[in-house]
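Note that the chains take the letters A, B, C and D in the order they are written out, and that residue 1 is the start of every chain.
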Amino acid sequence: MVKTILTRRALLKSGVITAGTLAMPSIVRAQSVTEMTMLAWYGQAEPDAVAQFEELHNVKITPKYYVGGEQMLALLAQSPPGTYDLIHADAEYVQQLVRANFVEKLDPEDYHFDDFYPEFHKFPGHWHNDELYAVISRFGFLGISHNLDAVSVKEASSYDMLWDGKHKDKVGHFDWHLPNLGVLSLRDGNSDPYDIGGDAWSKLQDTTLSLKPQVRGFYDYGGVLSSLKSGEVTVMPGIGEWITGVLRRDGANVTTTIPEQGGIQFTESFSIGRGSRKADLARKFIQHTSSPDGQFTLANLNVFPAIIPSKVGWERMISERPDDARHLGIFKGDGNSIDLIRKGRIHIRQLPVQQDLADWNDFWSAYKSA
Amino acid sequence: MTTLISIRRLSRLAYGGLWSLPLPLWLAGFFLGPMILLIWLSFWDVRNFLLTPDFQIENWQKMLSADYFWAAYLRTTLIALSAAALASLIALPCALAISFFLGLKARMVVLGLFVVPFFTSYLVRIYSWQIYLTENGIIMKTLAAIGIDSGSLLNTPFALMIGLVTLTLPLVIVIQSISMLSLDKTLIDAAYNLGCGPRRVLFATVLPAVRPGIVLGALFAFIFSFGDFVTATYLGGGKFTTLSILIADTVKSGQQWPRAAVVALVMIATLLISALGAISYAYRRA
Amino acid sequence: MNSLTDITAARTGAPNPGDKRMSHAHISLQNIHKSYGEALAVDRLDLDIEEGKFIAIMGPSGCGKSTMLRMLAGLEDVTSGDIMREGQRINDLAIWERDMPMVWQSLALFPFLTVRENVEFGLRMKGVGGAERRSRALEWLGKLGLEGYANRGIDQLSGGQRQRVALARCLVTEPSVLLLDEPLSALDAHLSVQMQGELKRLQRELGITFVYVTHSHSEAFSMADTVVIMNQGRIEQAGSPEDIYLRPATPFVARFLGGSSIFDCKTRRRKNGELTLESTDGSFSYTGPELVEQDEGDEVSLIVRADQISIAPGAGWAENEVSARVVGEEFVGALVNLRLETAAGTPITVQLQQRDMQALDIEVGASVTASWHPEDGHIIKT
Amino acid sequence: MRVSPLTRRLTVIFLGLALTFLYAPILTNFVFSLNSDRFPTIPLGDFTLEWYRLILADALVIDAFANTVKIALIVAPIATAMGFAAAYADYRFNFFGKKLVLVFALMPPLIPLVVIGLAMLAYLSRIGLSGTLPAIVVSHIVLTSPFAMAIIRLRFSQIDGDLEFAAQNLGASNWRAFREVIIPSTKTSVLAAFLLCMAVSFDEYAVTWFVGGLEETSSVRILSFLQSAVSPRINAIGSITFITSITLILGAQVLVLRRLTRA
């Protein structure tokens, strides 16, 4: 069985080579520029993100953008190893990538971990059996995103405001159970929002269901942006600066507040795809993303801004982009992003610990049509 | 003598085979495989978020016993039926106008105009509808200008119908028109000569004669609406969980492709039965 | 009934291999068998069609008449048997090699072509040049009274005009055989009668063979030289219209043609050579032409045409008498068809003049006596 | 049809309304592709060609667009030809298992695309065809040919079944009768089927995303913009597709019309 697969792979490879030889223009290109492939969320391989690296290493990065970790995993499972050199994923999915053997081991020495805040030296989701599989690129917080014309920062300092009668039919949801149930779990007072027992789980379900009369709709990325912008909804739990930062660039009067009860953290990272034939180049790319230059670029991506783990990167943000830095919580002193993490207000988004993921999902489906 | 027979039979077989075989062969090569995989997939297991080939009926039990599944099933059927009926009703006068009231040139141009929207990405068109329907959108502002206070129309059944009719109307009109244009005009003249009024002619002569076109148009509208994901997401605001949305949601619960496959297979069965029913009705001798 | 003198009897029965070669038959169907799986459409059929004759094939629907025509045209394969044309076996010729144009029941005119282009079609397939095609097509359109319609579309023509275009389309190729599959069934009665005359005239003038399938008695009997009556895939009778009318070969034919009364009888020969027929309705004497052919004790059907029967209010008028009840009447112009029923349930049809009917003064339900002369009637062995 | 002028006028007005309805989103799409605001809200921002500049400078968008056209131009003729063959076979011949084959041939459009995408990928990668343009072409033909078959079969159901035999009866061979009768009778529906196949191929994104690997079509591009980078670039791509297609289709019609009027 193994043998036949190997033969087929060999065949595939030779097929690829033949195809390459036949297509003359690509040879010409191949002589001058190396191509590297990246499986990523949208925006990670746009010119603003990779142009600098491409020029430096005479490489062209060809992206395959996905719109959900499940699609990404399914695609990888059905593609020959080596199809994707770089894989960009959220922390929850890195564990699944590792378990499915889709990514290569990394050497921590290769990357600029010294520049990072200590919290990110050994970020839990990226290590497995004490081996490194992914390097954090950037992260963000999820709390309450709100239109400042309708909801003040002070008002948004507690999740309880979501139930306020004056916001009836003005509350929107990003259509994914993990962040939404995470923040509502914090509102219920669970210290670890994703590690909750049976009682807390059923209480969380009641809490969530009681919010339904306030809810206008469930939106995907695009829908979240346009509904907040148009005023269709004025407040959304479980999203963050990754949305409001984009809208503010377009002149919308919106922001994200992390309420007293706490917020959720999402994390993006890069890994090297199993069987990559350009692993060296991929390693160089990840090195670049962890460097001060790369970190500064990542904080300001067109697709959406995010917090970076690099102290050196912070310095540059504060001096060069003070306004954007401020909104991201990148500033010196009390209440900055790292401070929030250290105070224990921020909890990493993860899969439910005591319940089956399917249970959370089923409940979310039921909630949507309730 | 016998060789002559066989040569003639052979050449006839070859002629028939040349027409009968390509599509079935192509589908056998590239569609049967995926279908079998899909059916097999519905019996797989998901362990540690990894799809594992297996043969267990738990996925079927789980989905078919879930209330939310049947609620979504009913909702999807209702939405698709309404959309098909609505699109057919709107298409009918249009197809009549195209086929009987327009000159040759105008007819070609108008049919062309109905075909063009197909080519402008459906995703883009639905995205564009949002600006009409949303809070402070074009419709709301227009209505406000004449003193009517309407809320946002987004995430309402109305918005769903707008989206689905956008998707299906051109196809239904084109199918109905093809059917009407190939109608024998003497049939209509004969009806008039028998003293039928325009209404009788329409209901007793034209409509029965173009029944295959009407039924087929409605069937396509139903199929498209039943499987639609885009309108339900962008204009329904995720509040109307259709089966397609349920599939997407199911996949989100940690690689539950097998359960999604169950939903998909139920959808396929439903559509297949509707299609066979509609087609046999369409071509039944009146 | 008709004035045709040119009567040609077609052969029936199994062909004799010896005289097959001698036959002057233009087209000859020999022991033709056609089945669709289990269903038998044509059963051991033999038929010779002579050149230049108008032959009409009729029978109830499903009798195999259309199948036979389609086999001639090559639209259906024969399961077994031979189709011969001028001595050549043509079973294996493709449709387009048979050169037997057909006028279709649906007419099958090409809607995307003009009238002239329709007529030119066959010539074009034969490779006839443009100018000649055009003049021949126009000539035929002229012959059929369609001058001036050459550039019209098919859907701008009336039913009768379409009929003529369909004819012109076939005849323009100057075939020696023309197949016609119920071509007049879509026309109204008046037009149909007019076309019948025209078809017969055309066939006479051109001298080509017409094979005409129809379910209409009037069409068959008014035009054909030979009428073939089929039932359940077999030929019941083939002969001149007069022959068939006067001497139906089987009770089926008599019943199919209608207008006759049929009595099932057993023969008994008297000393004087006269024949007595015993039936459930009584005994009848017979002195007609088939007298000599009958033996004692045969099972036969006695067929008496409606115009040979007279009725009276009481008995005692003639030798062959049956009492019956009037069950229905139908007026056809100056004639009346009376339907009677005997005590044994045998239906009897009587044809009377309108004024005789008035003189008799009978109504439905009345008891009457039907009678006929011993020399009338026709006996068929069953 | 003979109806009162009023009915006629009302029906034509209704037709106009239906067209307006279908073109309303296309119109706003145009407007917002020229609007400086990133999110489509009224009142409008300033006039700008920035979004067009952006996508025309975006190699990925250009590649995706080229792929889309390439794929549609290969898919549409093949799918139409196969759909036609199947429709003609159904109309003309009877063979064992015909119904079964037809049911099978009708199935692809019934499949929810979200899931068949994965199944297609799983299958195509097993036969060594995943992640390539041919993979997209192969699956698009599967998805579109049933539409072609249905539309052309609809036309066949209205053609007198004797026509082709009438031509043969007048001396046309199988192929000649096909050319003389079947082609003229079905050409409009074949054109419609061809356009529909192209359109479906243009619009398809779910299966394409899965089986295409690194190869993208413009609808896959639009989907990724829509789901993670909402911007008027979506409108700009939509407008360019619209202008291209309306030019092609109306252009083709002008050609056809000119030939008709000359004939």
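The rule we apply is simple: a contact is a pair of C-beta atoms (placed from the backbone, for glycine too) under 8 Å apart; a residue touches a chain by one contact, two chains touch by 3 or more.
Quantities reported herein were computed from a predicted structural model and do not represent experimental measurements.
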| item | value |
| --- | --- |
| Most centrally placed chain, judged by C-alpha centres | B |
| Centre-of-Cα separation between chain D and chain A, whole angstrom | 36 |
| Interchain centroid distance [CA atoms averaged], chain A/chain C, Å | 88 |
| Chain centre separation (chain C, chain D; CA means) in Å | 55 |
| Chain B: positions in contact with at least two other chains | 127, 130, 136-137, 251, 257 |
| Contacts with 2+ other chains: residues of chain C | 94 |
| Residues of chain A touching at least two other chains | 71, 74, 220, 222, 226, 230 |
| Pairwise chain contacts, counting only pairs that touch as defined | A-B, A-D, B-C, B-D, C-D |
| Contact set on chain B toward chain A in their complex | 48-51, 66-68, 71-72, 75, 127, 130, 134-137, 152, 154-155, 233-234, 237-241, 246, 249-257 |
| In the complex, chain A residues that touch chain B | 68, 70-71, 73-74, 77, 96, 99-100, 173, 175-177, 216-220, 222-223, 226-227, 230-232, 351, 357-358, 360-362, 364-366, 368-369 |
| Residue numbers on chain C that touch chain D, as the complex places them | 73, 75, 94-96, 98-102, 104, 106, 108-112, 121-122, 125-126, 169-170, 173 |
| Parts of chain B lying in touch with chain C, wherever the complex brings them together | 1, 4-5, 8, 184-186 |
| Complex contact set, residues of chain D against chain A | 37-41, 58, 60, 118, 121-122, 125, 128, 130-131, 209-210, 213-214, 216, 223-230 |
